[in-house]
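Following are the structures in question.
Same chain, two partners: chain A is paired with chain B first, then with chain C.
On to the complex of A and B.
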């Protein structure tokens, strides 16, 4: 928002603050009463929870699906995995109710509270995003299998069969520091400060109710040609996401990504499962590898992204092709061959990271925050099992972190995040 | 660069590659002969070392001063501190000669070598920036005091009196992991992948000659109002850099930043000294602090950035003001009061970072990569000593890393980085 716009919003916010105080949200920042959000809306009008259609670079909050999945991939991510500290179902439910209007505001590029406090209390918004626009912020909430194992929430019967920790894969070297979590918040934006600000303010508003287990910032540099976004390259310089389902195709997305009615627990219909893997990439080793070997490792040409032996990125992979000596054109141990040889598709939505160096070795602590969405984590597991021990890429990467989350369906105006999970309890 | 543009550059590059092979630069990527770069230029023409004025979002490499100092602050930084492994003055000199044309190419948004290799060798460029434009990349080279202590280089007599490790400051909790270094490369760009790519390729081209000591990625989110860049906010939401000298004012810059003839060793004339501090910011503590206390800590208003009691960010700080009870309006223990109470100015060019969480505490590993340029590090030391033990900000921050570097003057066409240091040996 511009300063001018900021002033306008500040004016609006002052009246919002009065409103919030009356509902008790102002004081604790969390206490939308047991009457539920619907009541608040009816009493005070819907406007403070609306997507603001006048905002530039704005992703819509409300809809059939959560944002940050089919949303065009943004430049930055701040991904947080949280541990839940509250001890009752009601407190958990209130947590998501409390987060809902905050997420709307954040995605509108607004401060989450009036910054003109009397000075005697901490500002409601941490403030570092003031003056920045919405930056296409998307916020995606999910819950992990460990949440269902906490008996105090009484959610056991609601646990989808699909939501379970991933199996151990060959070559996994998982570090508990980057593994698991009860809740995830994926904040993606075209500005790193806007993405971080979103997570920071959501976690802060839930102070004492959740704690950070792990987090990872990442980036995605998307080349633009004639105003058309291209497939971004990972830190090995290969295009990442070529085989993705078309996010604008309802058919593709319904087949691969969105849980359809009857396919999982009902509360997950129109939701999606998220697999997160923190994958260290051994850049120094890769950089000493011949181009042909790099291409045989991925099964694609580096420059064009085309399958080996082809010209265009989007030509079919066609792994059955053989050369005149009868050898596979795309090597059988290549990443693409193995991934393609199982009947499973996923929506990759990965981000690179470069977090300084590894103390112990002096090499880069850099790699990929691999994120994929699918209607069933088994789609990922199938592919990962196919890669198994023989994927040539294993020589150059190490999986250090892993988590799986059930990402709720979208939120309708007047509802709140995860309502379907709680409402029939 | 767009794909179309990429193709054009690729064509140019092929002929460049032939040229480079003839000089021996092609094979090792490093071996510009002892005849010096001047010879290469005369033989093969100047064009391959030119700033490419046709490139969009381009910072100029050549000039009186290095880029990345007076350059408008970019959105991203990848800062690397290196240890030198070579053992002779000549090898050190060749390192900087080798880096010079690579830096020109990187800042032109070019690949540093032909990507159409025969496949049997590693590609010259790591490739992850292909398709991205120059992104206002600046690259700034500096050398640390430790380089002069390595007797094998015979540089002892060239060491400027100004270039010495910073004194220990009260409250410092420095970690060797983020401290010191023989050489720094500061790569700033409006794209994180472009910044990282620059450092990665420069370090890789010097494989076996340098190793990474520490590095830090960071970001700066600059609000834009009416096409005018505003002062960015740090993660405490306060504007950072309000008191900076005007980078477009030669007078300001000559007084504060650029070493003038006779002020230091001759080889540093038109150069500048860089102080780097990795400052952890305790966000959770800060976020529990009342706004008034936050403002008394900085000595400024959070929203406007104005000195306490004033309205506009750029109004004079005027620390002598007292209220009608005779108390200082800007608290005597505030960061701004203490910084202003000494006669010293610096050019701050800081970036925020958010690198996951601290394993031990679960709190954010986030803060400020403080970078300041000044004609003498004593300017920084004066200010930091004034902050001393009483700066209220000390309660909320911890200095974890520290380094100081002498950043060479700018490079003239036909010369190379640091030539003045080496040429009179």
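On to the complex of A and C.
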């Protein structure tokens, strides 16, 4: 995919083993330049692919936390929820082991397989990302509560108390077609084809081992002013994510997003819980709503994103403010007021979607693929319960899909996705 | 072209099948120059397998002609029920050996075209012949009247097909792409109920396509086993999974109507076929 480094090396068809041979197996632990073909590294008798730091628009795979959470939000997402078909713990473990080097390659902007030598079988990589760079691709893996219900994996005792289906919320109209799943793969990139390619190839490599339950593509557009990324707007034109914790702040992230030691099952330390909601937004009704009513619905001004009665997007909401007559300035039924009424924070990482037309009504099937990361799904539940039946926004939206996933901690070099879960068994 | 020379070496002794896809050649062209030399020594002899497959195809075509004759007699004697009974099972012989039948670009549509296929080419009912035309008569018009000529033509075409099968140059490539094509047929038209749009006997075709692919696998199994035992095992399992699923819809005389399948049923069948298709597409490793 990357025309510079990866391409040249791929064309030479070096397998990882050949590379090791060429550079001398004796030099154990020495990186073959942290540069070439994702740098093949040998440590503790294991060779593995490494992040290629020379690649442009590259998000790092290895680290304390998985990518795609604190990563600056990209323009595109392809989100897939999978059902596991394998029947044993070992096969499940093998699945994540198999995916690990593929994810490294994809995030390096490489093809998942070496060049083909046999024209009589299909290429390993589906190929549509060839010629494109890494496009800041991040791949995030998580597992759902249903995986722990499958007795054959013997994972029951490893199920975190926090990982359970979300409760029913008022006005939920959940469709099984967009609900649940054993495994999720969240692929985000600044190029829609790169994001789709990542999921497509990971699922294909796992043919017969997983099947797709549901998936959703989404998009985001991030305005840039003076080189500074602004908060993206949802399809109702309001800014989404203003109140997010600051992803570069370790303190903020540790308080809100990353599971700390002792807060959940040990294998989840440095991981995070993902809540996914497919929320249909009724664009037709929204578009015939007066501006003032729109702003009272969100509790913010549309253009500036500022709390009602204020000028700047990032000014404090101060929901207690009242006007001369003693009425709340930010309406008590507004989305922001209700969300702010509870002491809970989440990291929103939402994407808009547009998936054709609703069969039954002829209206747009468009809305928000709401994704939020938090150290405990209860943080989301608290906020959603506060919105409850009162939220004025309810009139314009319908929650159609719902899922919750435990996203593993980051992967260490030489390890594989979810190792902590399997190792403790 | 370079790739042609590669194939010629790989498929030593066998002539490239008629209708060999030229775009395939283009896509492999770049890689082939270096490969031809490396693979020359490893090209394996598949003559016995090729012969076995040809024998199978000829046998299927024999039975297809015999059954078609019975079908045509029933149609011409106005026995609608009898014709309806023979229709799905006679077609299975054709569907099993479709990789061969398909190599005759003129005969295949005369025997097996659906109205939708013709309409795509801007043609109408008046140009429609073959099994599906009579299917329309039996299940929609509820008559055989006016279909006698079509029936005669069908029998003549079947016989011609049977005769011409002898001339087909069967190659390993035809077998391997044929097996995957059979599954693709299932995935794109049988599982959607579009093949037998009037009779809804799609599951018969489904089963026959799977059997056709299974036959090719069985013939090549030893060679695959020798090269990659895991692949052979995986394929055996995946064929079984599809067949076990299909068995759920068996009746005393055949298969339930497509219309009785729920969305969940078709989804499960389609997924099982996809899970079989991926490893099936790897059979080409024996040519490495």
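Note that the second predicted complex is superposed on the first by the 379 of 425 C-alpha atoms of A that agree within 3 Å, B and C clash if a C-alpha of one lies under 4 Å from a C-alpha of the other, contacts with A are read in each partner's own complex, and residues count from 1 in each chain.
Operating definition for what follows: a residue touches a chain if its C-beta (ideal position, glycine included) is under 8 Å from a C-beta of that chain, and two chains touch if they have at least 3 such contacts.
These numbers were taken from a predicted model, which means no experiment stands behind them.
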First (chain B), second (chain C), both or neither touched by A:64: neither
Chain B or chain C, by number of chain A residues touched: B
Touching partner for A:208 - first (chain B), second (chain C), both, neither: second
Chain B versus chain C as contact partner of A:119, first or second or both or neither: both
First (chain B), second (chain C), both or neither touched by A:322: neither
Touching both chain C and chain B, counted on chain A across the two superposed complexes: 115-117, 119-122, 204, 211
Contact set on chain A toward chain C in their complex: 85, 115-122, 204, 207-208, 211
Of all residues in chain C, those that touch chain A in their complex: 3, 6-7, 10, 24, 27-28, 31-32, 35, 38-39, 173, 176, 234, 238, 271, 274-275, 278-279, 281-285, 287-288
Chain B - residues contacting chain A, complex: 2-4, 76, 78, 115-117, 119-123, 126-132, 177, 191-194, 196, 200, 204, 211-217, 219, 221, 223, 225-226, 230, 233-237, 283-284, 287-292, 294-295, 302-303, 352, 354-357, 359, 362-364, 366
